[in-house]
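Written out below as structure tokens is the structure these notes cover.
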Amino acid sequence: MIIVTRKDISKEDYVRIERRLTELGFKLHPIVGVERIVIGAIGDRRTIDVQSLASLPGVEQVIPILHPYKLASREAKPEGTRILIRPGLEIGGRQLLIMAGPCAVESREQLLEAAQVVAAAGGDILRGGAYKPRTSPYSFQGLQEEGLRFLSEARAVTGLPVVTEVLNLPDLDRVAEVADIIQIGARNMQNFGLLRAVGRLRRPVLLKRGLAATVEEWLMAAEYILSEGNDQVILCERGIRTFETATRNTLDLSAVALVKTLSHLPVVVDPSHGTGRRALVPAMAKAAVMAGADGLLIEVHPNPAEALSDGEQSLDPSQFTRLMEELAPVAEVAGRSL
Amino acid sequence: MIIVTRKDISKEDYVRIERRLTELGFKLHPIVGVERIVIGAIGDRRTIDVQSLASLPGVEQVIPILHPYKLASREAKPEGTRILIRPGLEIGGRQLLIMAGPCAVESREQLLEAAQVVAAAGGDILRGGAYKPRTSPYSFQGLQEEGLRFLSEARAVTGLPVVTEVLNLPDLDRVAEVADIIQIGARNMQNFGLLRAVGRLRRPVLLKRGLAATVEEWLMAAEYILSEGNDQVILCERGIRTFETATRNTLDLSAVALVKTLSHLPVVVDPSHGTGRRALVPAMAKAAVMAGADGLLIEVHPNPAEALSDGEQSLDPSQFTRLMEELAPVAEVAGRSL
Amino acid sequence: MIIVTRKDISKEDYVRIERRLTELGFKLHPIVGVERIVIGAIGDRRTIDVQSLASLPGVEQVIPILHPYKLASREAKPEGTRILIRPGLEIGGRQLLIMAGPCAVESREQLLEAAQVVAAAGGDILRGGAYKPRTSPYSFQGLQEEGLRFLSEARAVTGLPVVTEVLNLPDLDRVAEVADIIQIGARNMQNFGLLRAVGRLRRPVLLKRGLAATVEEWLMAAEYILSEGNDQVILCERGIRTFETATRNTLDLSAVALVKTLSHLPVVVDPSHGTGRRALVPAMAKAAVMAGADGLLIEVHPNPAEALSDGEQSLDPSQFTRLMEELAPVAEVAGRSL
Amino acid sequence: MIIVTRKDISKEDYVRIERRLTELGFKLHPIVGVERIVIGAIGDRRTIDVQSLASLPGVEQVIPILHPYKLASREAKPEGTRILIRPGLEIGGRQLLIMAGPCAVESREQLLEAAQVVAAAGGDILRGGAYKPRTSPYSFQGLQEEGLRFLSEARAVTGLPVVTEVLNLPDLDRVAEVADIIQIGARNMQNFGLLRAVGRLRRPVLLKRGLAATVEEWLMAAEYILSEGNDQVILCERGIRTFETATRNTLDLSAVALVKTLSHLPVVVDPSHGTGRRALVPAMAKAAVMAGADGLLIEVHPNPAEALSDGEQSLDPSQFTRLMEELAPVAEVAGRSL
């Protein structure tokens, strides 16, 4: 950690800073520069709140050197994490996992039809929301418990494991009964109570990046889950919010390539939310694979024009089937098997 | 609502769009333009999910005309909402309310000292977090229940009402026992379960704007609370996330002026989080008043250099006292009383 | 164009709006809605300044329906534009063009060495800046005219055509003498005088997207060039500025996929500036190809550690050679030839 | 400057880094930390391109300590700069300067009428664009030389000094003949050739912040002008581009308060472009004064509904006159005279 002091620092303030750092267990290396003194402080800043140091009189800036995450970092664990979803189905290794299905579970028929499309086209995991976060209180909020039952049934019929979102802490047990992978949505990426709670389960967690979350904050959210003992975290890039409104979000594929260097955790990409436009999904799905994604999360609806949520970005069955065919050679070039 | 059709739309697709809109209860006004047909659809789009229309084949764009919020809009209620915190203390009227105190409740002594500073300087409401959302699982997470007890005591001693944050749904009852105003933090602005739950209380709610939330989304979050029957919502601007990193956030005072035209709800401003720098707080507090704020939320700490959270942006007692003195003439020029 | 009037519009204001629109040549279709009157105005809004209508009393909002660009739009020209750089070298068709070289021309030796690396590895075009836009007046500003001479020489030696940036209008003639493709940098995307000037040349122009430019503004910048008669515009995505600072910029590959649907112009991607980190360049180069890019712009330096500008994001010769080998099968899967 | 080395750095790489830094004239202070070596490098990094160091093998990060600007910094010149526009009219001191007028000069009549309104209401300086940067090539581009003549005439009639924008380098002489203050627009904030050229004049320059420029980049742009010898730079905050679209831009008043601490240069605020909405201009003008602005730039049009550019954000004469009256007590509270 580097402490930059003010140009005009008083002797008393400087002494107080040194004393405080020493109390916190840091070893100090003051460097007297051209305009000010800079203190190199050796120790593990991850256990203290470094920003509080910034409020000491005479401190201009506190610059952390180490990443604030430990368990999530590739330095802590150089080899990539592989998560076994079920025998023969693993994420983080050579397999490119395709998670697909409707944005929301809307009815038994809709879900079963979608699940069969996904299975027939070679998808690996069924996605579908029973609890839906909606901007408007007047929009469809999901079938909730009934939706979970339909997901169970769809899994029984197709054999596909299920990924579905938990929205509120009180629903976690119910969701965990059904979900093979528990999804934490973008709006809940910093719902720390929920992160801790899924951290105490032994179930894979799909952690979506918040729509204005930095890569560092995203990995710190993973750290919350890991620090509770659950090491089965799958990161999911789903687009960030920027000034550009021509796409629903800005799909940040550089973050995927970057996170693969910073962390050992597997990363999947959601090109459906990432772009918000069906026509862009196939190209961005393929681009995501080349950027290093370990899997894809794709919205498929038997009849997008009738969808109660996000139909605009859902593929129809024939589009999804074609995409799966097109993905095979892309995966191969990327050294992956579909 | 305006439906823009594609240039090359087929007759079948066009007929299907018209049928769907008619089924949804809209009255249609097709306009045959130079390059495409545009359909004016009259009806209340707020009860349906308009974006699903965007996935109908042949639709290029769906443009809503009305705001998606009803209860929060000034059109629905032209006069400003006034919320009585306690007899003689009202927000949304002529009074400029000052809510101040430490970011986090750290100890009985720290809180009582801060509360006395706030009371002595003429502050109206005591702020202090018992439950703290922290980016790192290794940072101080708040005193929780003990913190709530200290807040109760500080209120008893100083007579100041208390605003404090509820972080997780299971803690709501406990928080509501103590809080005169329940705070929903920026990270929870779209925690819809929590919004509904505070919507069922009869207690003022301070709703912070999410750090990447549009004004429309912010008002829709208020709509969640209002739609459950609680009409005592206070909006709080606390800075948004932008490319600029020289300040912690970008305090969006234009949004304050704008929201006062769009909505009847009172608005307060948090210049401490908004800037993240103590030295900028006084200027931005005064600017907020001129932008139309009904109140301010200001961090004060008896000893910022020892703060466990956000000390960098906290005023010390003498700085706060000076700010209160400086605010008086500013409030007066703005037609407010302090 | 749709004119949304205010809820409380007076009769006089409404009549004035209708008169004004009629004067401007629009045919009007008023739609009386639940809360307000909406006017559908048929005509070509591209020749007038629609925003001035927004200031008419009684107008709440003006919503354009058509894109503001004409010549750049795919509706105007459905087939993709192909630009012949030299016999056998075309962009916008099946070929994937690789433009590579150092960020800045630093010396005769450095440039010749880089050019030979590019040529040997199969690159198509040599890039290199003689005039460099630098944030600091104290940084290296480019070799300028001498740099142009070295570019000429490198072309003579290797046979590679040259793309280089024009920074200031007075230098345009000199740059145009040497450049096979004239580059307009991100900071100059809305330097309209410069756009008009290159629009009057008959030379391909590489138009970089501004770092905070929307896709629409980018296409409007192309429209400036096209409207002067130069139809050889190549768009270049090079990353946008967002809140994320872990990468230098956020490479917006969705914009590439989107622009290919909106416009007929070829698009290239610059993963070097887009990410600012050498380690991410290969993955993002491949991702760009899958997103639909017609070419790539890649920084290569004989010795990145000695680079005077942007060494951090430059590949060294062996990294570039390996990337070229890896790109071949990616191009093939994307239906391209390298 | 701090050089953070990689965890796994080789001895050779480490030695090379030390050698390079020493060659560049830095004195080195290596600190051996828990996980890596960090080198404190003492010297003036402002004369070299530090980012090139980041590309040395073994370097993970280069962290500058000093600001990159010198002449613009308050450390270099603690007292605020005052610029005399004409005898009795100074910016940067106690006077709050009001620059007002139409966005674009549209006709002799329009300009003279606007100028008289400004003068009558007590405005100090007349603004008006003769050369207009427009997103569309089909929009009104300004009256250009004729517009300059009208500005001259308006000055002669009203006695108000004139601020007007130079768009292209070849027009600079013509603009400088007329302008008392030469405006560099937001799109040209990093048009370094233009910055250098106005830096060689002895005329006040109003430097608008680019719409995605950081505060540091903005001050570096000022540094370009200052480094050429012109020390009469006035900074102008005019809103930045963020995800929020409810206002045209996000007026960043925190940046004003911040810049007053970082730099000695005077700062003015443009609430018209900053918000893009006439109704928000008065509140934000007053807020700007409290945030520390030394002046305001306000659009006034004799008849906004007929404006050829930005009418939506222009005040009409009576609105401007009322604002001037309301500003007087605000200025007084801020310790300013109007």
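First chain written, first letter: the chains are A, B, C and D, and each begins at residue 1.
Criterion: a contact is a pair of C-beta atoms (placed from the backbone, for glycine too) under 8 Å apart; a residue touches a chain by one contact, two chains touch by 3 or more.
Being a predicted model, the structure only gives us computed values, none of them experimental.
Undergrad: Would you mind telling me which chain pair, B-C or A-B, is linked by more contacting C-beta pairs?
TA: A-B
Undergrad: Copy of B-D's interface among C-D, A-C or A-D, judged by over half the contact pairs being the same?
TA: A-C
Undergrad: Which is it for copies chain A and chain D: same residues on both faces, with over half shared, or different residues?
TA: Same: most residue numbers at the chain A-chain D interface appear in both copies.
Undergrad: Per the centroid of Cα atoms for each chain, what is the distance between chain A and chain B, given in Å?
TA: 26
Undergrad: What whole-Å value do you get for the distance between chain B and chain C if each is reduced to the mean of its CA atoms?
TA: Chain centroid spacing, chain B to chain C, equals 39 Å.
Undergrad: What positions in chain A touch 2 or more of the other chains?
TA: 212, 241-243, 245
Undergrad: Within their complex, state which residues of chain B touch chain A.
TA: Touch residues, chain B against chain A: 16, 20, 46-47, 49, 51-52, 54-57, 68, 133-141, 167-170, 187-188, 190-194, 196, 211-212, 217, 220, 223-224, 227, 241, 278, 304-314.
Undergrad: Help me check something: in the complex, which residues belonging to chain C touch chain B?
TA: These residues of chain C touch chain B: 2, 4, 7, 29, 31-36, 38, 40, 42-44, 63, 65-66, 75, 212, 241-243, 245.
Undergrad: Flag every residue of chain A that touches chain C in the complex, lowest number first.
TA: Listed in rising order, the residues of chain A that touch chain C are 212, 214-216, 239-240, 242-247, 250-255, 257-258, 261, 274-275, 277, 279-280, 283-284, 286-292, 329-330, 333-334.
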